[in-house]
Amino acid sequence: MLTDHLLSALIFLPLVGALALLALFPAAPEAAAHGAESDPHAGPSMPGGRAAAIRLFALVVSLATFALSCVLLARFQMKAGYQFLESADWLPMFGAKYTVGIDGISVLLVALTTFLSVLAIGYSFTVTKRIKEYMVFLLILESAMLGVFCALDLILFYVFWEAVLIPMYFLIGIWGHERRTYAAVKFFLYTFAGSVLMLVGLVAVIRLVGSSDLSALSIPGSELNDKLQGFPAQSLMWIYASFALAFMVKVPMFPFHTWLPDAHVEAPTAGSVILAGVMLKMGVYGFMRICLPMFPQQAMQSSGLFIALAVIGIIYGAVVAAVQPDMKKLVAYSSVSHLGYVMLGVFSFTHLGMMGALLQSINHGVSTGMLFFLVGCLYDRRHTREITAFGGLKRSVPALSFFFLVAMLSSVALPLTNGFVGEFAILQGSYLSKTAGPVWTAVAAVGAILSAVYMLWLFQRVFAGPLSKEENRAMPDLSLREKLVLVPLVVLVFWFGVAVTPWVRYMEPTITAPKLVRPKAAPIEYIALPGMDGVRR
Amino acid sequence: MHDLHTGQWVWLIPVLPLVGALLHAGLGARVIAALGDKRGRWLVGAVATGLVLASFAVSCVVLSDLVVNGGEHRRALAGLGPGGSTPDWIRMGGLHLRFEALVDPLSMLMCLIVTGVGGLIHLYATGYMATDRDYPRFFTYFNLFIFMMLVLVLGSSAALMFVGWEGVGLCSYLLISFWFEDPENAKAGNKAFIVNRIGDVGFLLGMMTVFSIFGTLNFRTADGTGFLDLAEHGRTAAAALTVGSATLISLLFFVGACGKSAQFPLYIWLPDAMAGPTPVSALIHAATMVTAGVVMVTRLSPIFAQAPSAMMVVAAIGLFTAVLAAGVAAVQNDIKKVLAYSTVSQLGYMFLGCGVGAFAAGMFHVTTHAFFKALLFLGAGSVIHAMSGEQDMRKMGGLSGRIRVTHATMVAGWLAIAGIPVFAGFWSKDLILNSALGAPLYGVLLYAVGVGTALLTAFYMTRLMAKAFWTPQRFVEPHGDTGHGGDDSHGHGHGHGGVHESPRSMTVPLIVLAALSVVGGLVGTPWANAFERFLEPSIASPSLIVPHEGMPAATGLLAGALVAALGVGAGLYAYRTKGKSGFLADERTRKSNPLFVGATNLWYVDGILSRIFIGGGGRFADRVWRWADRTLIDGAVNAVAWTTGAVAEVVRRTQSGYLRSYAVTMLVGAAVVVAWVLGGSVRP
Amino acid sequence: MQGNSIGFWILAALCIAAAVQVVANRNPVRSALALVGVMCCLSVFYFAQGAEFVGAVQVIVYAGAIMVLFLFVIMLLNLGAPNPMMDRVGLSKPVALLASAVLLGSLAFAGALKIAPGRAVKSPVSGTVQQIGYALFDPGRPWLFAFELTSVLLLVGVVGAVVLAQRRSD
Amino acid sequence: MDPITATHYIGLSAILFAIGAVGVGIKRNPIVIFMCIELMLNAANLALVAMGKHLGSISGQMMAIFVMAVAAAEVAIGLGIIVSIFRSRETIDIDEVNLLKL
Amino acid sequence: MRRDIDVMAEIAFIYPLIALWVGACLLLLLARPLRRATRPGGSAALAGAALLASLAFLVRQGNEGLNVIAFGGSIAGDPLTASICTILLLCGMMAVALAPTYLAARGYDNPEYYVLLLTSLSGAMLMAMARDLVVVFLGIELLSFGLYIMAGFVREDARGGEASLKYFLLGAFASALMLYGIVLVYGSSGSTNIEALRSAVIKESVQSAMFAGGLALVLIGLAFKAAVAPFHQWSPDAYEGAPLPVTAFMSVVAKIAAFAVLIRLADSLAPLHATWLPAVRLLAILSMVVGNVVAVAQQNLKRMLAYSGVAHAGYLMVAVAALGSSHAKGAALDTQTLAMSGAVFYLLAYAIMTMGAFAVLTYVTGTGAECQTLADLKGLARRRPAAAYGMAALMLSLGGVPPTIGFMGKLQIFWAAVAGREMGLAVALALVSVVAAYYYLRVVLTMCFEETGAEPATAGAPRAAGWVVAISATAVLVLGVMPGLLMGLIGMVR
């Protein structure tokens, strides 16, 4: 039973948990009566035991989901093609089915989602405002994100894709910081605007090929995919553009990135972590799952543009990050830069680059997630994110500064941390690729310098220097719970950095699947192994 | 390739210091708390030093094994995993990297230097840092540095070398800003890391180019498919190395070398790096890390050798840096800054050697330099220690009688760097200069400038010695407990008070290094160059490049000795006659002479670069953010929203509430619709 | 036919003039009277076309009952002419005229108002009460159902009037 | 002169209709507006009768009768509303009945 | 054309209508006793019973009702009729449930209200059944008369009177325009029967210009009822002025009925599409843009929902255009079916969403002053979390965000538009829906994000309205995930 419906169980467990949370903890009348918590930092608005029970329940649900994803990882067969497939009739009028399944591209993202969700919920024990709603939204969010990565039907994919926005909108809007309303609306509208046209494109694809079966459409060489390639290139280009726009906004690629700093800054810590750690990867995933296999020629034609934008994003994000006065904003812009690398890898169309992109997606989730947690810890202690409010913290909070150092090193892609593996693979892939090539790679590599500039400067201003401010002097170091949240991330930082091969095995067969090499879509080079054709000399 | 009997021990060489680092990080503070301050610190220091020395011992064993069993090539691969296994690091898409050591003369030589000199400096540091509050943290970083440096020299692939390459950069950063409470130190650390990163990107790109051409990053493998193997036999192998790509690779890697080894224009970080504790300066910024560039160039010599123009660039940059830095060193007043610029200058020499094809000579100079420069730095540290933290030579003088051991050992270092015959520096410097003279085309020019620099070197080192030791005392005798004690000191506050000799833990390393500075060069005399023969398997084969001797060895040595004597003599004379006060030139000369002014201002390189990149970059970034992000992109987004709102307001006004206007609107709408439809139906 | 035709033109002119008066006159009572005039003219047209029942109902119900109701309400409310200074929608007159003209013009120019002559049916229909009755109760035609609907409609009219007239229920 | 055909009647009805439409757009007294609407309905009736005659079908007249019935019911409601408004506001000038807007 | 006349079968076909009319008469007869009854919901219960009876008749007809042609072809049954009538009856029930507490609090819980509601609803159902333009006209009038009066039902409220007057005068004007259109159609073809028109059009025995002009005027009349721009200007004023339960009723019922006729015309008079498609496209775009853009500037929720209704009418016009376009371009039959079922599905979605939204307002209003503005909803999530999140679901659904019924509806319209190759309209719809999301989200934001000094929840929220909220919010989510539950109803539209 479980084995047959493992994925469905995984996807919907958090949702069921959320509903159970609603059912088990109905709105307490006394809470409604005196629920006048205008100050988000005020004490709990409900009896402590109840709040603790809610937190614990949510944590248990997320842990159970994580456990399921571990089962998934354990049972995953290291080969190409979709696994754990489930299919059921859903929308007969569109021929759409409820189809879920994962392959090497999605399996790690699924695991990342459940993993970060556990940490996000674990971290959020300090939230006191409307705790039940908070946990419900976090769990719904987890379900929706898992759905995006597992959906193998275009319409189902879109439903999950958009559904993700709703809980995040609430998370930012209710539990965010000062300008949360603006940020929530901007976040929602920006990404929504990006993806509405995708709906038109999606419907157009389904109309053209007569099926919304993504599990077939996303396999180059399949009957459906071939059918799609048979349509006029110009129409395909329009459809491709509608998809690409949606994913670009989500990633976000320059110049569609301006929602990100606002959303990241204003979101509560857990929200920022999920946003950076998982949601941005949805865009990358979209490119890899839909844009590249379904529109190879169009992707190839537009690769110049995308590579240019990716590289601009790398440099631009880093340059702008350097001058941010707000820590979260700095990390947010660094995400723009990092995701630029990821997109460079994707559009290198080389195995190495694409694997690097996928790895870097995970890595970015880990390292930026960690950074956001740490900034959140600082915010919890000082209620400010202004860099100038800190200084010399290495003395007062050594553990925090140690974790920050690790996160920073991972973020600047120091070898033996996870960041290096991904970045190196991406750069090497793009160097080899015919679409990017050495020159773009060289420009992109400058980002490595700039990342050191902004991260080190941040570290210096926050942790070095004299401990002059009184409130910093008395700052408590990390609590046990906070450490428990951060340690798994540190483990991953070094695990990926030192022994990445086991993780690569999950994705390698899928990305290097021979079927991806399509003679018909001649210009696209999915493979560029040394010694084989397609290597750039 | 032969298997070594000790192959399964090689992994211990880097791992022992790593274990030390982890121990200190995890338990150091707790041990000190548990055992009490004195015994705890002793234990931490002993573990740190002991592990490095253990590593040195393993290196010695492995080296002897290599010499005995290494066969003709004296080359072997050994796993770096536990028990000599070879774990995978990255295996994806044709990229296959493993944790594996390339055991050959070059790597083992560096292992010896790193662990040997490193061990001595560790020992020294137990004394120097004895009262620092972050004692365990210091040795965490220090041991970690040794680990990274060993990975750098041992790594069997360019990628693994890069691990060490960036790793030592990290440790350098951490140690420079060790006393982080002073923002200047933190800034210096950042500067070091960032400037190094510039070089690292060159390394990275070079590595990628290598991979794109050879399809592997391994230096050498058992079956001869490493890229150095391929490059050496490139003309017959599948992947041929053209001169163009060899030049590209060489130049990119050389950018990396420039960063790490502080060559023009990336040398600007090194003088600032002196903000770190003196043992750090000795170990990282003199003896080991900064020579990594030379090691790397030597390692890649089969490729460099095929790119004559790149070699020319290496030689030119090296020499230029040597002159430039020597000039600056001659006018510095901070004792550590003098030594820092001296290091930059000496590194330039090493690159000059490499650039003219004398890779072995370059490495020889690396080795001797490690001895005497570490010695000089540690000596300077001892002086600073004696002066309770004072680094300004203008406030020294007359120390020769006060700290005798330090003085005696530093004299050995002085003679070695000045190139006085028999001392270590004499042999290595001469080899380089002689090869430079033999270089085609510009040999004479290179030689002439090189000799001038040697002269300058001898002079400024004499100046240093004179100012610190031999000129009359220029400081007020500190009395009582004036060392800056208290919590917020950097650890300079040793709380002794008064000029005093350093403890045994500090003087022993000085003595050992002094001995090495005296005799260390004898392994590489032109007549019995054991060093060169030993290193031969690790550098480009003679079929690719052979350094030329510009003149007979004896002549060269004589010339070198003369130059050194001249420089030392000039210095001594000047400070005996004019410079009794400690100053050679008067205030006016110092302000008006362009050479003097330029040298004092570091030839303006630092200022210009930081103005462009720090000031200008910051302003630029700020402007970009405000203009592009806020105004342009967000402005466009907001403009859409604003326009919608404005249109909404305008259209909203038509909803006037007046029934007649509604009726008229309907009428107009009806007229338009009817006309539109009829227009459509009338037309066929 | 000739006489008919002259009569038509005269009556049509009268009719239009009265209609213009309905719109143009300031005084609502005069407007109402002008409307009665229009209706009487139309009644004549109905008779002229053989629609006797319709013509009769036009006079009796429309001109008689309904317009009396209008006049009654006008008098009841005793409003008089509105104050021209209070006219708030200045532009509405010309625009309304123009739009109406465009509507009329486009219908006319497109030929939408022109009956195709060839389709005229020779057997004339007359609108006597008898024929109307036959048509009304013919189950094969929609009029019976429409008739029933009209009854519901009138019921709603009655209820509506009652609702509007009654007071609050409490 | 041409013989009078259905087209003439329809043309006349269209003119009356247009006049009524103009009236709806320009009058301020709702009763008069309502009368203008009645004028439009009457115009439609004229066209119906004329068309019915032309087509030889009695349907035109039938429809005209139903239109009259509808108009009667409409008058009951419309005048009721107007009176009701007057009772609560003491005015029925539509330019003053203007609480709801924007 | 004509079948053997089976009068009883024909009458049986209109049992659902008769049930409403009988209910109306009973209400009138029992007015006195009902008014004297202490419980305020008595009339409502009776009206509800009538609606239930009507629904029962409709359901009992089942498939038999799908083939009936009654009363000289003036009305007939088919899946479209059946589904629209069902939707209308459901709306009627919800509207009845909203009324009692609200009206009683204002002293107007009269049986006459329900009489008007029932007859009005019967008019709307007639429009769905109608196969003859005369019946369409009569249906519109029947629908409208009730609405005119209901809008001003609370007579102390000057705004209600104003709404009533404006709605009435403009409505009468629009009916006159439409009537003239019917006249022209009749004149051009000699018939007002849609089937007859269809065959006449196919035989090309109509006068095309007159027919087109007539059709255009009919289109305008229906556009007015459906509040399609630029014939929408009555709707914000009427919605705002009318009592909340009435607003809920008229916003939904009039639109559904008008679109039922529009869909039928678009489907039946296919060959003429080339002539009126441009106008439909024009109205669709105008309506989408005007509705969504002006809604942005609204602070009053009733007005905002009115403009949103204009926008949704625009979306539905897209479906109509797609239907026409797929006919005109000779697309496969299934695309026409899709367009029709899409439009009907959207009507249902719109009905649930809008009804639900007004129900929330009614619920929050309770017995107090009308909850109309955004400010009234401020911090609702703290006061009444269930209502607030229900409203949030409804708003997101109106905005077309998955997983809600609004999204499924929008998807169907996109589907139809793409199938009908109306790509321009599809893209326009996509773009304006971003604007729409803005103002719907603003409601959510006001309710959930903004905090007020939370006053205790007003006592005595109407339970029936609460049920309507709960049902509609649940339906919005459940049907958004599994629209298949309804597809049995919608899928058979053709």
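Labels A, B, C, D and E are assigned to the chains in the order they are written; within every chain, residues are numbered from 1.
Operating definition for what follows: a residue touches a chain if its C-beta (ideal position, glycine included) is under 8 Å from a C-beta of that chain, and two chains touch if they have at least 3 such contacts.
Computed from a prediction, not measured in an experiment: that's the story for all the values here.
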{"item": "Chain nearest the overall C-alpha centroid of the shown protein atoms", "value": "A"}
{"item": "Chain whose mean Cα position lies farthest from subunit B", "value": "C"}
{"item": "Centroid distance [mean C-alpha coordinates] between subunit D and subunit C, Å", "value": "5"}
{"item": "Mean-CA-position distance for subunit B and subunit A (Å)", "value": "37"}
{"item": "Chain centre separation (subunit D, subunit E; CA means) in Å", "value": "26"}
{"item": "Computed distance of Cα centres, subunit E from subunit B, in Å", "value": "77"}
{"item": "Sites on subunit E at which at least two other chains make contact", "value": "134, 138, 141, 145, 148-149, 152, 155-156, 165-166, 169, 173, 177, 184, 187, 190, 209, 212-213, 236-237, 438"}
{"item": "Multi-chain contact residues (two or more partners), subunit C", "value": "88-89, 92, 95-96, 99-100, 103, 106-107, 110-115, 119, 141, 143, 146, 150, 153, 156-157, 160, 164"}
{"item": "Residues of subunit B touching at least two other chains", "value": "652, 655-660, 663-664, 667-668, 670, 672, 674, 678, 681-682"}
{"item": "Touch relationships between chains, expressed as pairs", "value": "A-B, A-E, B-C, B-D, B-E, C-D, C-E, D-E"}
{"item": "Touching residues (chain side subunit D, partner subunit C) in the complex", "value": "1-12, 14-29, 31-32, 34-36, 38-39, 42, 45-46, 49-59, 61-62, 64-66, 68-77, 79-84, 86, 92-93, 95-96, 98"}
{"item": "In the complex, subunit E residues that touch subunit B", "value": "165-166, 169-170, 173-174, 177, 208-209, 212-213, 215-217, 219-220, 224, 230-231, 233-234, 236-237, 274-276, 278-279, 282-283, 290, 293-298, 435, 438"}
{"item": "Complex contact set, residues of subunit E against subunit D", "value": "134, 137-138, 141, 145, 148-149, 152, 155-156, 158-159, 161-166, 168-169, 172-173, 176-177, 179-180, 182-184, 186-187, 190-192, 236-238, 240-241, 303"}
{"item": "Residues of subunit C that touch subunit D when the two form their complex", "value": "1-2, 4-6, 8-9, 12, 15-16, 19-20, 22-23, 28, 31-32, 35, 38-39, 42, 45-46, 49-51, 53-54, 57-58, 61-62, 65-66, 69-70, 73-74, 76-77, 79, 82, 86-89, 92-93, 95-97, 99-101, 103-104, 107-108, 113-115, 117, 119-125, 127, 131-132, 135-136, 141, 143, 146-147, 150, 153-154, 156-158, 160-161, 164-165"}
{"item": "Subunit C - residues contacting subunit E, complex", "value": "106-107, 110-116, 119, 138-146, 149-150, 152-153, 155-157, 159-160, 162-164, 166, 168-170"}
